[in-house]
């Protein structure tokens, strides 16, 4: 399937909701699919020490990140009987309420699609060199750390 | 939040991908949300005894189904710290490749959104009186049973 | 007493109808009605059928006048 | 020998740069370079920093001429 094509994961700025609709529509010709699982990361207006986050500015060690994304894909396709998988992550500024991560997995059966989607999300959080600068409303910032 | 409003779950025919984009866009003002989990059911062109499914025609015991959907929502909101949850299910004919189920949960944190989404999907499959007539390309049919 | 009976999916197909009002003897049970209709319409896979009385699957009780009794084949949502 | 050093996130901020070419003695280890730069730029939370050599986090080896050494703060993707 589209397993072998090298895929571009990073997108500039927020991921528009329309991109999700387009991705879904693109899979309606694949009639061996019975289930899609989608995960979306959205920027929260967290309050930290009395200051409110207004955006996160993402940066990455891009070459390494793309190669780790590729390894995660390969591992996912060997672990799970999925038909396709798509990942998009923002670089640059993403405002609160906007989307920074879009993971989309498809399979004949729901459990496989769901497990694969979770696998991608956890692997991305743990292993991809992406960095996030939390920008507060007063234009100060702090560096985000995944828990 | 929108927990208490009675919600209409059933939609006529297939769920268009644009509906998913619209639902996502409607949540961008809720800046306490950090994660969305979405499940989509799509009609497979299964081959059964040499015949290929071309559509499923859904029917339901509608009044009871809507009340069970409501109970599932109530249970989910008490079990999981979710911000919102939306469910849409098709009635009538849905062709292969089209979407028949859209579950959408949101939370501050990813694990909660994902667990709640899975909960909805399993509960819907197990407990809602919806019936599916698998229509084959030769216009014969059989009745679908959830596994 | 009268009960309103509803049939769904494969059962409606076997019965050739989706709804009917039946006149039952006072004291009839859900089980009596189920067995009677299964026989009458030669409904297959009787063990897989669930009965909802007034939209409730938990019922091993006597029927009352005006009850809505639904014959439900296996669920297939999602 | 020359190595190409890259800094990311909070580390780039401390260093005031995102990249530099350093001239090291032959036989320098990853650990030597890490300690030297942390001291030089007063980089905080040294324990949380991972080093990738040629995009590989598994490295306890001697550096070679031309290596790309990246200083990575905690990941925050997703």
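As written, the chain order gives the labels A, B, C and D, with residue 1 at the start of each chain.
In this section, a residue touches a chain if its C-beta (ideal position, glycine included) is under 8 Å from a C-beta of that chain, and two chains touch if they have at least 3 such contacts.
Listed by chain with UniProt protein names: A, B = Molybdopterin synthase catalytic subunit; C, D = Molybdopterin synthase sulfur carrier subunit.
Computed from a predicted model, the values in this text were never measured in an experiment.
Participant: Specify the chain most distant from chain B by Cα centroid.
Facilitator: Most remote chain from chain B, centroid-wise, comes out as D.
Participant: Using mean CA coordinates as chain centres, what's the chain A-chain D distance in Å?
Facilitator: Those two chain centres are 27 Å apart.
Participant: Measuring centre to centre with CA averages, how many angstrom lie between chain A and chain C?
Facilitator: Using C-alpha averages as centres, the distance is 49 Å.
Participant: Averaged over CA atoms, how far is the centre of chain C from the centre of chain D? Could you give it in whole Å?
Facilitator: 73
Participant: Where in chain B do residues touch at least two different other chains?
Facilitator: If we look for residues of chain B contacting two or more partner chains, we find 41, 110, 121.
Participant: Taking each residue of chain C in turn, which ones touch at least two of the other chains?
Facilitator: 78
Participant: Can you work out from the touch definition every pair of chains that touches here?
Facilitator: Contacting pairs: A-B, A-D, B-C.
Participant: Going by the contact rule at the top, pick out the chain D residues touching chain A in the complex.
Facilitator: 6, 8-10, 13, 48, 52, 55, 70, 72-78
Participant: Spell out the part of chain A that touches chain D in their complex, as residue ranges.
Facilitator: Those in contact with chain D are residues 41, 58-61, 63-65, 67, 89, 100-101, 121, 124-133, 143-146.
Participant: Taking the complex as given, what residues does chain B use to touch chain A?
Facilitator: 17-18, 20-22, 24-25, 27-45, 96-99, 106, 108, 110, 114, 118, 121
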